[in-house]
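When the chains are written out, they are named A, B, C, D, E and F in that same order, and each has its own residue count from 1.
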Amino acid sequence: MTSVLRLPSIVIEPIVRSALLEDLGKGGDLTSDAVIPHDHMATLALRARQPGIVAGLDLAAYAFLLVESTIEMQMQRVDGSEVAAGETVANVSGPARALLTAERTALNFLCHLSGIATATAAIVDAVSGHKAKIVSTRKTTPGLRALERYAVRAGGGANHRFGLDDAMLIKDNHIAITGDIRTAIERARAAAGHMVKIEVEVDTLEQLDIALEAGIDAVLLDNMSVEQLTQAVAMVGGRAITEASGRITAQTAPAIAATGVDLISVGWITHSAPILDIGLDIAVDTSMNRLLN
Amino acid sequence: MTSVLRLPSIVIEPIVRSALLEDLGKGGDLTSDAVIPHDHMATLALRARQPGIVAGLDLAAYAFLLVESTIEMQMQRVDGSEVAAGETVANVSGPARALLTAERTALNFLCHLSGIATATAAIVDAVSGHKAKIVSTRKTTPGLRALERYAVRAGGGANHRFGLDDAMLIKDNHIAITGDIRTAIERARAAAGHMVKIEVEVDTLEQLDIALEAGIDAVLLDNMSVEQLTQAVAMVGGRAITEASGRITAQTAPAIAATGVDLISVGWITHSAPILDIGLDIAVDTSMNRLLN
Amino acid sequence: MTSVLRLPSIVIEPIVRSALLEDLGKGGDLTSDAVIPHDHMATLALRARQPGIVAGLDLAAYAFLLVESTIEMQMQRVDGSEVAAGETVANVSGPARALLTAERTALNFLCHLSGIATATAAIVDAVSGHKAKIVSTRKTTPGLRALERYAVRAGGGANHRFGLDDAMLIKDNHIAITGDIRTAIERARAAAGHMVKIEVEVDTLEQLDIALEAGIDAVLLDNMSVEQLTQAVAMVGGRAITEASGRITAQTAPAIAATGVDLISVGWITHSAPILDIGLDIAVDTSMNRLLN
Amino acid sequence: MTSVLRLPSIVIEPIVRSALLEDLGKGGDLTSDAVIPHDHMATLALRARQPGIVAGLDLAAYAFLLVESTIEMQMQRVDGSEVAAGETVANVSGPARALLTAERTALNFLCHLSGIATATAAIVDAVSGHKAKIVSTRKTTPGLRALERYAVRAGGGANHRFGLDDAMLIKDNHIAITGDIRTAIERARAAAGHMVKIEVEVDTLEQLDIALEAGIDAVLLDNMSVEQLTQAVAMVGGRAITEASGRITAQTAPAIAATGVDLISVGWITHSAPILDIGLDIAVDTSMNRLLN
Amino acid sequence: MTSVLRLPSIVIEPIVRSALLEDLGKGGDLTSDAVIPHDHMATLALRARQPGIVAGLDLAAYAFLLVESTIEMQMQRVDGSEVAAGETVANVSGPARALLTAERTALNFLCHLSGIATATAAIVDAVSGHKAKIVSTRKTTPGLRALERYAVRAGGGANHRFGLDDAMLIKDNHIAITGDIRTAIERARAAAGHMVKIEVEVDTLEQLDIALEAGIDAVLLDNMSVEQLTQAVAMVGGRAITEASGRITAQTAPAIAATGVDLISVGWITHSAPILDIGLDIAVDTSMNRLLN
Amino acid sequence: MTSVLRLPSIVIEPIVRSALLEDLGKGGDLTSDAVIPHDHMATLALRARQPGIVAGLDLAAYAFLLVESTIEMQMQRVDGSEVAAGETVANVSGPARALLTAERTALNFLCHLSGIATATAAIVDAVSGHKAKIVSTRKTTPGLRALERYAVRAGGGANHRFGLDDAMLIKDNHIAITGDIRTAIERARAAAGHMVKIEVEVDTLEQLDIALEAGIDAVLLDNMSVEQLTQAVAMVGGRAITEASGRITAQTAPAIAATGVDLISVGWITHSAPILDIGLDIAVDTSMNRLLN
């Protein structure tokens, strides 16, 4: 638990608000409003049903607060920390109606982002001892990119460019349409701002050679074998950042990291990671005096 | 390929618009704008890299159209149809810059929703021959519930209530806070509109008995064994809709369906399904004359 | 004054915000800003000028709070309670400028919703002693449906489906286009989720017979005479919910309720109810020590 | 049918969009999607069930178009024209599903605004022959002020200021808080822009005298008797615009108009007018060749 | 420093929120998050680097508060007051990260609006001693009109109509299209509400004569020489408000004011005023005990 | 007139829509609606009143189209091209009412952005012959950053980072709070993604030396004299990008460019550039057959 991860509240608040409205509709929580007396207070525990890495506690907190501003959420974990099965990540106290109304939205964020953090951590662990960083891609769930990138960081990973407008990545289709890789790089360089880095996807060592001559900042070595990657890293010789990509998993990652690449980009940690199962239980954790802040 | 699945454009258009802005930022696609001549036209193929069920073609179409209104998308599949690895689901033609700018957003929708449809179809197939329908839950990705429910239908599944305001589902926490299941049901019935159905989660056959006496519309049989489910279905005897739930997979579903339950609700098809991998290729499918409208 | 009626603040806050901006424009309240010293404090009374049922106090409160967060509103009535002419429903205290700036918006909500609650109560009273519930329809003022449905509940009525997506109602036009009522019901049943009820509009007893055979959940008996309704209720014999509709007023409602129908749906309580006249007076009610909450 | 009334499409389009989403929810029209074949085309008639003045045809047209852009609406009346019971105001042609999906939203706008136009026309007719104009107030339905003011114009009325920021109206509460009417007018004049007119509410002829001395632009003569109004108009002698207000109806308006006031402001035409009942029928009007473009 | 200038918070808060999101993007402040420890507190001074008139302090305050609600801003000036080079206008205290994150947005508002106030004050000063008021036009920066009009008032100026819908201004193009000025005025008068003033642009004394005969409220004397203005003012003789316009600067304004016109409208104070340079310094002003408020 | 500059329509359309609503209010253009017959067609010319560089034609086009979709705009210039005083940049044809309604919004965008392009071109010209590029800063008008950066490019300049989230710039306050420049750079590097460049502001050659040792990507040489800049550029020796800043004008820029710096960043081109005066005239340019596109 080193640094404190945070997303700006001005960014996450409208996302949580929309998600709540999606669940509440226009009529609100018919069941809780009917069944739970309006003055019934409760304390519930957000408790992991699987081991993993927690991410998204602020999102969950906003879900509860936006339904009822008097709810208090006491964190037992911070984003990026491990949790074992059965352990409590936070307790929430307040009007029982509001707690149950916000429950699903809070959990949908928390489970989804913790799932991404957990998946990221697995592959980060797999390459530990190597210099390669695990980075996420733009293959994210529509509307949640900022949150999912954050969850990747919570899991120990790093981020590639946010979107199309903050860095240049010349991909295979760009090259195919342009006709040759050299022209594509030259056009990119002519148009790029001085704070914009340029990366190019290369499929062969010939392309890599041209890209290096053109003074590229980074190369995306797509779907190369371990042998090719080893050769490519040697060819680059530190002149550019090297990034391996192409359906890399926790199983295949160690061998790829061993080639000496700087980065391994992994799409599935954002587009296909299963959730980390976290539920809301009535029984309160007796370890509540171990509260973090 | 029976009926035509559609979501209202007034619902999906703002979701696609937001997703595009997330990727385009304020500056647009730096790379394509720099590298691709503005008057270069192209036809690209959306092609499956895995077999599965397609869902989300309208979303993809909107992504292209919102970037450039002259792009034409010719569908080779409709939502809900199967696609084999290597087959083309649609071709898109227009200015190459715009095609590449919209590519990732289009694919993020299409791969995510096709992943859900494919996962749904797998479990729907597993229970074929039984009357049990596969239904999705409220465990959806924040912001995408309408789309994900649609993808479940494309995969042959059905939907539970949309949100907290269109049906009542009395869950374990409601009962625990109320004190007893009978009181909870009575309160719900007193408050419910005449078009609102009431379902209650029961963990034991004793609770089931009380619920049936109270004339409940549907019972959620949570985490019951196959034996318990068989007993429960017999006890209900057609007086209420029976729904089984609790981490049910394509492996465990057939035995559960065989108990005679009406519904099997499955969270993971919306919260943990991996994407169906679909890419955008320059080479055009030669079967383009087989176009569906 | 039994249960506590509330709409989620996350639902009502943006509606009040929009209404305020409609009145404030971009320049704010030219008159109050010019005429009232900025540090002048006042207490004003929201006072009924007619007898009726109050609804919308939270909306009024939000109007004042969104203009000036230090304003305090002390409720003398809760939504759903009666008020006599001349009685105070709430007092508001704070900067006089802000009170006058928010006045019209607060009153527009309060008078409109109280008008609906009062109209609803009149017809609810007219059928007291009968089992028939008074229900509202989708004939609501654009943008205010959630609020108007709430006001109906405050007046003692109940609600029909919220909109097109939370229940099925097969109307005359659906049947006419489909060709026959049986086919329409069968198509609806095949498509409906298990939590979705189906109602069908019937104009004749023949249609009613078909609908009952098809196992419909509810029947809308449109524009039937008291005699027809009596026959229809007998024919249904408890197998479906019966709903009478068609320009029913407080005058005609008792006879209709006497037929034994379960529901009487009334469009005019939401689309044509006159406001309940409530004004903002400077003189403070001396009964302020009877404050609730 | 004189001039062509129009509201900017940029103003009305988002209002109709919101209203549609309120009715469609996230799932769309469950009934029509299930019951009506997707390729069934139809022509339906918007037909008045009562005589009155039509207003809101553009709003209805947007409701249909936003659901399905291929729908065509052929107008048989323009806003501001009379319609008799049974007459068709417009025909709509297109996919039957979409027509039924948009029906309620289209009618909710059209009936509400036509109700306001009809109520306005009744009181405008009552004062015909007098110079007094009928003007609407800020007592409008939240969110619909621009539309309701437009409907008043369609009914032959005129508008007071739009909101708090486009003119000054010093009301009784402003004067009470300020202490005296002269000071209030002086403060207003000192702050007003040169294009901003100032009106003051006066309850007595003494106040009127002070206001005229102060060179006021307009006076609001609130709740005065016909005798008082006659005296007031004489006192003003053309030096300011005179406006009568205070629960004026079509019955009381002629006598008030006869006093020679310039304006009669009427709250109930916007806050309490019943709808004009207009429905959507399948049978098409045979007079369709009399179409007004 | 007489009255207290304020814009409604409900108007300015969303504008500041949008501006912050424009700078923060989706990822927030990469630099400050990386470089500044999360618990480092600081007090910084907003300090003028040039003499001028301050405007926009509330906007700056919102920028800081929306990033971090615990930041405190202690004002040393109020909007409309003078500041010398080197003087502090406000101090802000709180987490250093958040202070630096909000800095640019806060300053962009403050410098822009103070620039407008300063430019306005210069020309207001130039005409002091004359009755002419300096008024702003609709030539404002898109999205910021309410703020810029406010800044003009902070600089001692006044405002013309807000937009197209709160007053009538018949311009040269209107007259050219209508054919003659008299017809244009008559049409305007027939359509205008009683609280709407009508102004007409006149280029010649002949046009002025017609406008006065038609009883116009105000005349815009566009691009007239000092001689023509003098004649025009004499011709008007107090029967209408006279407004001079046409590239008037602080240099030319005194002679124009001396003609006796009521208003001088100046576009450049909103569309071309340079900013007032204000920066954020770490060293705290020692005069902090002179705090206002 | 080389490459074609464009901003994504999905980015600019909502900005123009907001600006139009700001001017139209809720009631629309009172004057044009009253004075201009609804069926009067016209062709007007957007004509420069000063020489300069045009930028923002698409924005102007959107303003006209969003008011009335049948308006046609024929471009005589493209963004980035020069225009002389009196020359026409575009003609617009359509209903005269709509043309006049959209006029001010169209011109406010076009004049503001053309002003920025013209200011940029002046300083770009001043440094021609040197390698230094002119770059804009984050000192932009709130809400218009994407447009203003675009206008800078139209004027021949380049852009710095868009906002806080797409590159790192360690400024003097960051260093002061961190304590030393080396630590700040190290922290930045540890946190930066591989596509994120890091720049640091240095005030002295000692700081420059540390930054170069730390392998910084770019250095911001703030407020240095020409002598210092010359020394700094020599010290850097191509190891990092060099950027000069600090109130640089077209007068001082040539000497600074001559020092060999890579970039000159200029705040005033976005925050203080006066507009380029462009008006809308009824007389049509006879050179209309020279139309582009």
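Here, a contact is a pair of C-beta atoms (placed from the backbone, for glycine too) under 8 Å apart; a residue touches a chain by one contact, two chains touch by 3 or more.
Predicted, not measured: the structure shown is a model, and the values here were computed from it.
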item	value
Neighbouring chains common to chain B and chain C, by label	A, D, E, F
Chain of greatest Cα-centre distance to chain E	B
Shared interface numbering between chain C and chain A [over half = same, under half = different]	different
Geometric centre distance via CA averages, chain F-chain C, whole Å	52
Centroid spacing, where centroids are CA-atom means, of chain E and chain F in whole angstrom	22
Centre-of-Cα separation between chain F and chain B, whole angstrom	44
Chain B residues counted as touching two or more neighbouring chains	22, 24-29, 33, 101, 145-146, 159, 162-163, 165-167, 196
Overall pattern in which the protein chains touch one another (line/ring/star/complete/other)	complete
List of chain D residues in touch with chain B within their complex	17, 20-21, 24-29, 33, 38, 66-67, 101
Residues of chain A that touch chain F when the two form their complex	133, 135, 158-162, 165-167, 169, 193-197, 199, 217-218, 241, 243, 262-263
Complex contacts: residues of chain D adjacent to chain F	3-4, 6-8, 10-11, 145-146, 149, 159, 162-163, 166
Residues on chain F engaged by chain C in the complex (per definition of touch)	22, 25-26
Partner chain B, residues of chain A touching it in the complex	15-16, 18-19, 22-36, 40, 42, 44, 96, 100-101, 103-105, 107-109, 111-112, 115, 138-146, 162-171, 173-174, 176-178, 184, 187-188, 190-192, 196, 268, 271-275, 280, 282
